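What follows is a pair of complexes built around chain A, which joins chain B in one and chain C in the other.
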Partner chain A sequence: MLNFDEDDNISFEYDEEEEEEEDDEEDDDTNIEADVEDSDDDASSFAFESDDNDHAENYKSNTTSNNNNQLDTPISKHLRDDSSVVGCNGTLYLPWSIEQFIQIKFLDALDKLKTFNLYGCSDDDLLIMLQYKKWQQEEVVNEFFDNHDKFYKKCGLLLGKDTNNQFEIVKNFSCFICCEDYKSTEVYSLTCNHQYCLKCYHHYINNEINNGRLITCIEPDCKFVIPHKDISHMYSLIESKHSVIIVEKTLLQNPLLIANARELINSKITYKWCPATDCSSFTELSISDVSCEAQKQSDLKNSNDISKVPIVGCFENHEFCFNCGYENHLPCPCWIVKKWIKKCEDDSETANWIDANTHTCPKCHTSIEKNGGCNHMTCRKCKYEFCWICFNKWSEHNNNYSCNRFRDDQKEEEIRRNKSRQTLERYLHFYKRYSIHETSMKGDKKTLRKIDEVTKIYMEDRRSKNEINNLSWIDIEFLPEAMRSLQNGRKTLKWTYCFAFYLASSNFSQIFETNQDYLNKSVEDLSEVFEKIMDKKNDDKVGTILKNKIKIINLSELILRRQKTLIKSAEENLLNGLLKFEID
Partner chain B sequence: MAKPHPFHKRLIKEYTSIQKNKLPGIKLIYNDDQLINYIFQIIILNNEEIYKPDVKYYLSIIITNEYPVDSPQVKFISYSEDENTELSDIPLHPHIYSNGHICLNLLGEDWTPACSIESILLSIQSMLNNNQLLTRPPDNDSYIKHAPLNPKQSKFIYHDDNV
Partner chain C sequence: MAALPKRIIKETERLVSDPVPGITAIPSEENLRYFEVTIDGPNSSPYANGVFHLELYLPDDYPMCAPKVRFLTKIYHPNIDKLGRICLDVLKDNWSPALQIRTILLSIQALLGAPNPDDPLANDVAEDWKKDEKKAIEVAKEWTEKYASKKEYSEN
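Right after this comes the complex of A and B.
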């Protein structure tokens, strides 16, 4: 929802700046859009969220007013380079969205380049030149003045003449690529006039675009480059076949620019994509020296110093660890997380279970679980008959219980098996709790979303009836804060089980467990309050929220405090060596 | 019968053109009904110092499902047309690995849908015709140890464009 809103606005911004090229119709549209938004402006004081980017992801909707703010203050986009955000444990980072990236790295460069008034270059040409030179506008200028003709040629542009790129409908066309004969079809060609049907062109571009590089004419030796605008247009035309409306994409939504941005982001170690599902934003780690950072990251691999775990947030406020690309996993250090995830994913535990609960057939080594009955076993697979106790052939078993005589080597076997049974139980204990909290997080999210909806509908209703005096948005501003602390509290709690699994037991591990219990209690308490609010039998949902306001605020602060205490004390005790991990 | 290739018409057209043009030194010796799998026999005629003109090489071309947007899978194979002849060799060339994989930019970056099976055949033939070195690529040993069966899955490093 948010993304969508923002796209609109940023594109609107862009439209204003670069309108020359767009047709007039669109101009009108934007104006209308702007009007609508202005009239909406009244709502701004009731916004659920302030624009300091500091709220739960659940609350990222319906913030037209915020976007207007951003629009009024273009500073927000130009000051990016030194406006790092400090993460929850002191990591400096910069959250980005793809649109922002394109705007700042690509389109701002285009604007700057335009001020040079390079002779005879259209905006399309400039974009191609910029992309060719990896968006370094100084280099474009240098090369342009250095050897104008050569540079043009290198970029696949036509010198001195207007381009003749055409979308046209032609009759009796036979496409060389798909070899279909069309009575009438739409074709595309560049100045070179190599015509191919639109379907093939689209197919071709779709395949090429993933490289994020400029795309040339299909003809093998033809070096003409397809302008960004035409790629957009082609996508719009193809998409319009599935819907009635043709939606022209702005430069911010340009498929090639997006692909190019992705390529650039992937190729730099200071950028990382947000790992959250459906989140397309990414984060830049604010560091001065890249090589030093690489060293730091490799140090982190085995370090127990969790104050150095680079927890960052993305544009949509999903917290994650920049080092391992996983969600915020404090209080666990990265290497423990890695071990745990691997343990949970692979079947090492299944193997443990098999070891603890089954024997293998002495003849064919198939695993057999004995679920009752007598000790005379017959292997289903090889029909071998044996004794479950001593594993000898049953027929040699003249005196049935001769195998009851004690032998030393069997004792060792027994001890080993018991041990692996214990390890398994221990693992299951922690894993169960870990996964329960993971599921609860999803459940909470659902409840929170519902509460969000209910409140919004209620407030809108009130506002439209002008009953706003008794209750304003400010009165329920505490809600998003509480929801976020519930989510984060649960996340921390979830990871304490991974932490505890590897923890060697000591007096200090008991302190850790006590902290864990406290956090667990507050998290469950708050979750219960929210649950009650959304109870089906509860008719006055908003009323309940207001009634419980103090309780919710207190609980959410308690969670925050307990979470901090837990992490802080884990951090200190790990550093002092009072807490230790035990890895077998 | 299996589903025809989405660009069946194009494949038919290419097939007829291959049959008609009869490129010198190149012979189509096998293709399936779908026109997706081909085996060509190649003889190098104009480079007698390096390749004897009576030695036959065999090239397998498999059309992918994304063809013609995506390039086909092309490699040299050890093959014999009947039981009495020995399996053929993979031609020695600084861009051809001993497992038959070919490092040729037309098959990777430079492919466009306007290229065809014939253009591949021609460029491989010319690659052999102009070769002066009877060697394998410098990284042959390390490459074939880990090479995937499908050469398209390898990321080739183009060692030397001048060869």
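Right after this comes the complex of A and C.
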């Protein structure tokens, strides 16, 4: 639903525009984007200037008037008002998508810079200057007037002459980089006329792009910079090699701008990427004082106050912890999460297993697991023969089994082994539940995706048949909400097992467990309802959804409430010391 | 293993047919991306009369990435560390696909002729170099004689 960026500003080089647009529209379930785009495409040819303007206008007009009355979420999400969102623990944050970031930090700066009318600068030049000055348009203006000639040189731009960057098809070309001899191939060259084949240029740019710098001609001492527009065009050409239509990349999809944005985001501690798989959005923490924030983060390291855990959301509505970068792990404090993850990853429990289930050979100390009935053991490694019960040499038994008599000194050994076994069992108990919920989350996700598809197909089918009693979005508006609460409920549940593993037992830990049981019950109930809807034998899936509407709504609210109660009570009892963690 | 790119074949051919004076580069029989290299120390440097052995490897994405080069012979030089790693801009940030094995080896030879203690890799050597350049050059000569003389190598 949210892939609106893909069709944002698609422009075509050839005349097939009309056909392709229609295709796009059909493919898309929310066709407002396509509506908006229609007007764009007419104006935009490959020219990058118009592209960019269009987008800026598009973006502005949307802020002022909400002209799309139906389902305007995707577009309105694409806009920004600068007011932060408040997370569940009162954390102020701003969810971002990469496209938004490029639009606001890069392209808006370009628009502003254009109003200065810097003499002799094309948009290409301005973008290069901006990237060189790390997108500070004031600095570009200052540098332009103070150090004009030097600045041009530093940016790899040609002063006073028109650039002559060329994509051409050349016959009988041998590329100096790959040493291939082509009968006819596409080559690229900058004003310097150093020609290389497109394939090599593409490889080269791919390699250079991630260090965030401007990219120069391949020739070692040649300082001409490749304009962003040409990079877009090159990628478009390479990616649409096998099709007739070349889908031109817009500046929002420009590989260099994307790489540059990524680099900027990585370099600032106020931004963090969403940890969810397949999610490429990130979140900005709204803070006034960075040093204060650093202090707060170090405080969090060993704090049990889970009301301070900075839970934020991303552009795609995934919740995560801004401090440790994991998903929303409430009710666990960050340091417990770190310990748990480390424990799950390291081998400490393997050692416990070995200790609990094996004996070592009395001679060579190899670990031996007994898999047969006979107690006359022969070590495979050193061939030592011994008795599994008393661990003495087998030959010493001499028909009288001295090992049956009780000897006090073995008790200690036995106690230690028992303890190992218990620790292991305890860990396995919690780990099993933790990982089961993790897997279930994936299973739920699959079911939910299927339900989403089914409703969409149903609605399209009905619409094409012109049936009156079609489903409207309002009828199933509750579904996404319920799905989210199922996912989040399971996530919380998953982390309660980590919480419980480290929890010292007391009356209050029992209360925690009861809350856990309640949440568990409602989560499973809702999961079951969804599963039933998608049951293979169920022919009327949409009907079942509607029939169960009230049940689903109720259950999802119940989950939300129980989740809140659990976290709230854990928070309070941790603060007043009634719940304690026990770390060995 | 994937077929050897044409670029590598051409470069190898040229290294054999038209070798650079004072430099040899022979591809290994088992792996044509691995070269055994020797570089003669430049005449006017403390490394004169020395023959230095290096290994050179062309990674999978060569020529988009720089070759990996390392000294095998011990050498006393501020930009080359104990493990033989080399601090040279064209092997790192300033690599360009238009550079070649031969140009890189020439750059390394030039580095022997012009040590740069202000951008050191072996900090201790660089410090000695800055403190007492004369003495440092003496040590470099000594090492060259000890580890990089032709006689020494043939004995090994």
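We adopt the following convention: the second predicted complex is superposed on the first by the 475 of 584 C-alpha atoms of A that agree within 3 Å, B and C clash if a C-alpha of one lies under 4 Å from a C-alpha of the other, contacts with A are read in each partner's own complex, and residues count from 1 in each chain.
Criterion: contacts are C-beta pairs under 8 Å (C-beta built on N, C-alpha and C of every residue); 3 or more make two chains touch, one makes a residue touch a chain.
Predicted model, so just to flag it, every value in this text is computed and none were measured.
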Check: When the two structures are superposed on chain A, do chain B and chain C clash or fit side by side?
Finding: clash
Margin query: For A:Asp475 in the superposed arrangement: first (chain B), second (chain C), both or neither?
Written below: neither
Check: Is A:Glu412 touching the first partner chain B, the second partner chain C, both, or neither of them?
Finding: neither
Next item on the list: Under the contact definition given at the top, report the residues of chain A touching chain B in one complex and chain C in the other.
Entry: 176-180, 200, 203-204, 206-207, 218-220
Next item on the list: Would you pull the chain B residues touching chain A in the complex into a rising list?
Entry: 7, 9-10, 12-13, 66, 68-70, 110, 112-115, 119
Check: Where on chain C is chain A touching in the complex?
Finding: 5-7, 9-11, 61, 63-65, 90, 93-94, 96-99
Check: In the complex of these two chains, what residues of chain A are touching chain C?
Finding: 176-180, 200, 203-204, 206-207, 211, 218-220
Margin query: Can you tell me which positions in chain A touch chain B when the two form their complex?
Written below: 176-180, 194, 196, 200, 203-204, 206-207, 216, 218-220
